[in-house]
Amino acid sequence: MTTIKSPLSKEAREVAGKALQGALVDLLDLALVGKQAHWNVYGRHFRSIHLQLDEVVAFARTSSDTVAERAVAIGVAADGRASTIAETSGLPPIDAGQLSDDDVVKLFIDAFGTIIGRMRERIDVTADPDPVTQDVLIGITSELEKQYWMFQAELA
Amino acid sequence: MTTIKSPLSKEAREVAGKALQGALVDLLDLALVGKQAHWNVYGRHFRSIHLQLDEVVAFARTSSDTVAERAVAIGVAADGRASTIAETSGLPPIDAGQLSDDDVVKLFIDAFGTIIGRMRERIDVTADPDPVTQDVLIGITSELEKQYWMFQAELA
Amino acid sequence: MTTIKSPLSKEAREVAGKALQGALVDLLDLALVGKQAHWNVYGRHFRSIHLQLDEVVAFARTSSDTVAERAVAIGVAADGRASTIAETSGLPPIDAGQLSDDDVVKLFIDAFGTIIGRMRERIDVTADPDPVTQDVLIGITSELEKQYWMFQAELA
Amino acid sequence: MTTIKSPLSKEAREVAGKALQGALVDLLDLALVGKQAHWNVYGRHFRSIHLQLDEVVAFARTSSDTVAERAVAIGVAADGRASTIAETSGLPPIDAGQLSDDDVVKLFIDAFGTIIGRMRERIDVTADPDPVTQDVLIGITSELEKQYWMFQAELA
Amino acid sequence: MTTIKSPLSKEAREVAGKALQGALVDLLDLALVGKQAHWNVYGRHFRSIHLQLDEVVAFARTSSDTVAERAVAIGVAADGRASTIAETSGLPPIDAGQLSDDDVVKLFIDAFGTIIGRMRERIDVTADPDPVTQDVLIGITSELEKQYWMFQAELA
Amino acid sequence: MTTIKSPLSKEAREVAGKALQGALVDLLDLALVGKQAHWNVYGRHFRSIHLQLDEVVAFARTSSDTVAERAVAIGVAADGRASTIAETSGLPPIDAGQLSDDDVVKLFIDAFGTIIGRMRERIDVTADPDPVTQDVLIGITSELEKQYWMFQAELA
Amino acid sequence: MTTIKSPLSKEAREVAGKALQGALVDLLDLALVGKQAHWNVYGRHFRSIHLQLDEVVAFARTSSDTVAERAVAIGVAADGRASTIAETSGLPPIDAGQLSDDDVVKLFIDAFGTIIGRMRERIDVTADPDPVTQDVLIGITSELEKQYWMFQAELA
Amino acid sequence: MTTIKSPLSKEAREVAGKALQGALVDLLDLALVGKQAHWNVYGRHFRSIHLQLDEVVAFARTSSDTVAERAVAIGVAADGRASTIAETSGLPPIDAGQLSDDDVVKLFIDAFGTIIGRMRERIDVTADPDPVTQDVLIGITSELEKQYWMFQAELA
Amino acid sequence: MTTIKSPLSKEAREVAGKALQGALVDLLDLALVGKQAHWNVYGRHFRSIHLQLDEVVAFARTSSDTVAERAVAIGVAADGRASTIAETSGLPPIDAGQLSDDDVVKLFIDAFGTIIGRMRERIDVTADPDPVTQDVLIGITSELEKQYWMFQAELA
Amino acid sequence: MTTIKSPLSKEAREVAGKALQGALVDLLDLALVGKQAHWNVYGRHFRSIHLQLDEVVAFARTSSDTVAERAVAIGVAADGRASTIAETSGLPPIDAGQLSDDDVVKLFIDAFGTIIGRMRERIDVTADPDPVTQDVLIGITSELEKQYWMFQAELA
Amino acid sequence: MTTIKSPLSKEAREVAGKALQGALVDLLDLALVGKQAHWNVYGRHFRSIHLQLDEVVAFARTSSDTVAERAVAIGVAADGRASTIAETSGLPPIDAGQLSDDDVVKLFIDAFGTIIGRMRERIDVTADPDPVTQDVLIGITSELEKQYWMFQAELA
Amino acid sequence: MTTIKSPLSKEAREVAGKALQGALVDLLDLALVGKQAHWNVYGRHFRSIHLQLDEVVAFARTSSDTVAERAVAIGVAADGRASTIAETSGLPPIDAGQLSDDDVVKLFIDAFGTIIGRMRERIDVTADPDPVTQDVLIGITSELEKQYWMFQAELA
């Protein structure tokens, strides 16, 4: 991306850019998977989970936009195409077809656990090269961990 | 999807379900591609197109939700996973990396032209089996054709 | 109703007027039954269903108003009196007194199934005599079928 | 209604419960009759009365909900079904078909006069057994008497 | 209009384009005539009609915009110039100077009756060539017929 | 509190002041206990109860403010310090640590039952000395009894 | 006022009507005096009192409207003309010209003390003849006593 | 008012101050008379005039505040006390008791005609001494003349 | 227009009325021409100009309403019919069909230049006969000149 | 500024342009000085003045924008750079560091007094060359004189 | 709290959990003490401090919720019961009864000074074990230090 | 600034205070320069850049306020006077008079590049002495780098 002068050195940009691209794909997939379950869930807790998943999706969409624009702002093109998501997302796969409410809760506990682990690694590696990028990732992780708790509390 | 009693006959459900699943994938991909260009576009018209694409994305997200919930309401599971989009979307592919504003406008003229053609076929085939589904598709196509005009007018 | 000139022929007006009057009574009864269950429901899912029923009532009230004003607009007086509802509604009866959450969900699955069947007949018969009335009925049926799915998903 | 512990003694609950059930039916019928006239009124004052009646309906719906939830809160099931309204409402009957604006105003003066008389009796009998219920009824009566004046002023 | 690729065939575009251009002129004139009466009306019902006409104008402006953008979206230039309106509008003429409230109501009953007749023809002819355009016209006609009823009810 | 002239006699002020101070402590504790459960609840109904408790807290905070300002307005200092709440609240104690959703519902049924009993005594004793204070307490008790019903309905 | 049928007996109407007319004049004068001081106050606390007085005025205007419409609703004409206020208001007189902030606070302590004494008498005499009117007066007195405290607290 | 330094010379301040004080009294009385009629009007046009008068009152209150604060801003104390209004208002007197809708319209045509005449004199005399004050008076007169027309149009 | 008493002398009314009628036609035509270009514009700056023109139209509609109601308020009927606009507007003509963005900007520079010249003449001639009308015209001209600058700046 | 055609003659543009540039600098400095005091003020009236100054700043920013855009609209470039403000502002200087509340009030009385004198001269000189510019300056001066009074009233 | 999987190691969770529990108690007590003073303050600055304290309370409530949900999200139960606050809060005690405005300001300077010292220690110890928790504490401390300044500035 | 007790040591306060004062001046100048270009820009992209600059100004104003209040909160007086900005701002100078759209974009790329470099130094030096101040600076830099990208993308 030669047209945007990065405020970072080449090395710092590579580390921060890789962290942001990874976060972007995870968050975009979280939004897609959230909608997939929002539509296909069934069970006695259908309505509560149907609504809860829309909050997950709203957060995932907003934060994926933040992350992508941060990438571009440091001179790294963002890649959020369907094929990129399909190939590089860290989320566990989700089956086609209807999903019981219990299975949905378990799936999202699994998904949040995985994303949070990856986000904490990104927080670690970006601390030195770019504290501005790190601060963005910390804010998103804080909300991910809050949503992680809420799904766990439902199965507790 | 045995748990939801469809208001339609088996045959009608199959036709309408296929049309809705097709529309779902096209619209989800439109939202992803819209964001992809929103982030990576550059050129003298950057700001105008950056904003215009967010309107495309907002519409694509809302209407994909409408379409998916219509599918489930007639007893057909909706599939909006990244891999499904990557494999079955009718949209032309978009390159990774930065995109000039001219290329973005051309790309979306191409994309809208393709989706609209597919939507009009779906309108045709659903008229008899399910006028309710057809009415949903007509409303979405009307807005797609309006946005198609706007991108064309920019290159005219 | 001699004072309002109908945009329809006498025959078309009779068909459309009968369809609208039928829809009006069904929707008004849906609002009354929705409130009845909203107040008397109990069980572990009390709060979720209590809230969901208010959405049913809000939709039923809005769409009954649309249907009644459409009837008057084509020169047919609307009849939404308690006795008319009690005598001509197509909804299954609801018991007095407290209702368990499970029974409420089953009752509304039954009620939506019945209304939707009647609405689809009305869509069929109004296509030729008055496509404007048909379009109103299609829009309402689309939402009824969405709510039908949601109650079914809770028992699935 | 054995599942809800009443904050009142059995005797107090019976008196308050009967007053609330009576108010509920009157207010639900007021809403139905208000809409009936809202749709079918005609005459030089059509628009003014058409709008005024929607304010009557909005108030009647809100206060019927308050009254029904108060009944349930003291351990008395609320009954707002169409047949119960048709059989036990204290409102004067309203004819089917179109209604002149003058007749509508007279009808509502009659209706408000009747309901207010019944509400004031309910205020009297609930004072001792349950001042909380009485306070709810006083608030509703205050608004009913305000609307009563407004219809009278139109015919004065 | 060679710059916009129409989603319709040449024949379909001509039929739909003519229907839309006709509707555009009628609706723009309805807005102008609505304002003309809004300013010059007098009589005991001045205030009520003054306000009612602003609702007519708001609807006419919004729907004329919808119709014009639909025309352009199918590749047909929209013509809403004063001279075009003056020459091709289907509305009955309105006198200069002050207008009594009774005359205004009669004038708008006449105007709505005329426009509705023309709109229903447009609905008929567009059904086959373009169901999307037809759906737009149906929605506008539904509201026109509602306003037609309201003016009639005032003289009834 | 010598600086505020009370609109009440010394005797009336003492009775009303004691009632208000008692209500203040109960309501402040209700808000604290509501938040305690809001954070620590778990179980299949986690989300529904988590949200419901925030409504309890919002009401408890608003009404405690009303009650405290009423106390000061009649010349009685309000005491809402943590130690005062800990020592004089009438609410049943709540355990530290996580709480199952069933236990939370039972706890709040118990808590509302206790507060309502105390509020009804306060309503009785304030009737003569200060009907203004009594009216404030009646309004709050009405809402407490509504929330009491809702928690009971969940266990019914 | 022969045109409005009162829900009260002649004797009850006279007592309630006199209480309401008295409250009306006091509240209208409170609004006028509040604005008079709002404009002419000066001193180190100018801004705080200038803003506080607008809250007094807003409350006085709203509650005078409530009181006057209550009077008319029970069949008693309301009199809020300047000469009636000038002759029958119970408020202490206010000097023309500039007013120091201290003098304003003292003046309003005096004014609220006087109005509250009169309102409490009105609450007493209306209890039997019309509890609905009494409830209106209680609500207004509650707010007057709150504002009374606030002015006292400023001089304390 | 020695404490406020006027931006005007002594002579200019006297002329502008007198004009503003006169406008203040007229506008405050317009608000009082507007409310008096708002409460006591009756007749077939009750509702329309009842609402229209609240717009008169809202405007009169806002503009009286503007005028009074302009007076103080040029170093002239504003006098809006009930006795001052009763003695110096230029408005025609209004009878106590109920008022027919026709009489109300005539009364306000008379009142607006009188105020406008006085305002135009104030516009003339303030042009030279203070164009800022004149501009304030012009803006208020423009709205007064608009409302004058509306009442005239109702009797026309 | 014999029914509205003008606050102006016959001579003053003629001058002011003529100025207002002229402004009305220019502003109504500006709104029509603004929409005409809003729909038919094309070119690289399509979106920016499309949006800018809607601001022109919104302003032209609001100010034409102000001007027409000012005319009626001084006793002069307003004439805003399509034929009157077509015959007496001072705006340069606009071609049917598509318009390039450059041509639209030039057209509006031309149009604003013409209207502003006519408005400044109207400001001059109304100064003596009616400063209230003049103030209305000055306010509108200020905004016209602001929009004139913005179009010029785009071609600069 | 050769690119913008002025609606004024060269002479008129020079006079109006100079007045507007002068007003621009004074208002921009008022905003900067207002913030400077907003941050550094201390004393018993800290909070009241801290809030009051933000109202000064909001007004100064809005009106400086109005004035600058008026300048450009008549073909005169606006100069609001820090160095231009530092060199040509008419406001009295403000010390660095903390400021007592009394000193802040005195400083702003001094500042408003100075700006108002300069604005009144600008109102005088622009009357003939450009009444549109004069009207803009009159409106701003009206608000400046209102704020001037408020600061004076605090020290009175 | 065995049911929630912490994203932190046991050691990190203990440090972060202790810091969050400490912050929770301090903030909950700040809200209680803020309300205590809000009700019982008196003196010439009553109104300003009364309002300022509600801002303190609003912030303390919001941030205590954030802190408690962060604790639970890392697997540590939150304890905000009255007795826990009474026993472990770091805030200085507040006397019962009325409080002069000066004493309130001093008390809150003391309280903020104490809390800030404790928060800065918590920021230090959480940096390594959990930067996400640290970031939450930093954000809250930033606002606490801003409010600390404001109270100091009032006594300066 | 002896009156505000800093939560920082003398050394830490000096470092953080210097960083904040530097950021304050840069951001205030960014707001002034943003408005300067907002008014004087011309060219084919006038409207887009005119609007974009108002977003720059809004951000610059909000963040300068945050920075200044942070400075005062740590006991350092903020200096945002015009002369201080003129002398110590790090932004490149901007010419008086009209500015082409291309030159404006280049100017802001230059300005953002410079400010960001200075902000990153401030982030570095404040990490140890005050992480709270550092967090404020990081948040502002994140937004500055986002706007920097947008201007670059327009010239790319």
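By letter and in written order, the chains are A, B, C, D, E, F, G, H, I, J, K and L; residue numbering begins at 1 in each of them.
Assume a contact is a pair of C-beta atoms (placed from the backbone, for glycine too) under 8 Å apart; a residue touches a chain by one contact, two chains touch by 3 or more.
Molecules present, by chain and UniProt name: A, B, C, D, E, F, G, H, I, J, K, L = Starvation-inducible DNA-binding protein.
All values reported here derive from a predicted model rather than from experimental measurement.
Q: Considering I-L alongside A-K, which chain pair is linked by more C-beta pairs in contact?
A: Output for the comparison: A-K.
Q: When the centre of a chain is set as the mean of its C-alpha atoms, what distance in Å lies between chain B and chain L?
A: 42
Q: How far is the middle of chain C from the middle of chain J, if each middle is the mean of its Cα atoms, in Å?
A: Distance between chain centres: 62 Å.
Q: Give me the residues of chain H that touch two or more other chains.
A: Residues 3, 42, 48, 69, 72, 98, 135, 152-153, 156 of chain H touch two or more partner chains.
Q: Applying that definition of touch, give me each pair of chains that meets it.
A: Pairwise, the chains that meet the contact rule are A-B, A-C, A-F, A-K, A-L, B-C, B-E, B-I, B-L, C-D, C-E, C-F, D-E, D-F, D-G, D-H, E-H, E-I, F-G, F-K, G-H, G-J, G-K, H-I, H-J, I-J, I-L, J-K, J-L, K-L.
Q: In their shared complex, at which residues does chain I touch chain B?
A: Residue list for chain I touching chain B: 41-44, 46-48, 50, 98.
Q: Inside the complex, what are the residues of chain L that reach chain K?
A: Residues 3-5, 7, 69-70, 72-74, 131-132, 135-136.
Q: Can you list the residues on chain E that touch chain D in the complex?
A: Residues in contact with chain D: 45, 48, 52, 150, 152-156.
Q: What part of chain J is in contact with chain H in the complex they form?
A: 113, 116-117, 120, 123, 127, 134-135, 138-139, 141-142, 145-146, 148-149, 152-153, 156
Q: In their complex, what parts of chain A are in touch with chain B?
A: 1, 3-4, 28-29, 32-33, 35-36, 39-40, 42, 61, 64-65, 68-69, 71-72, 77-86, 89, 94, 96-98
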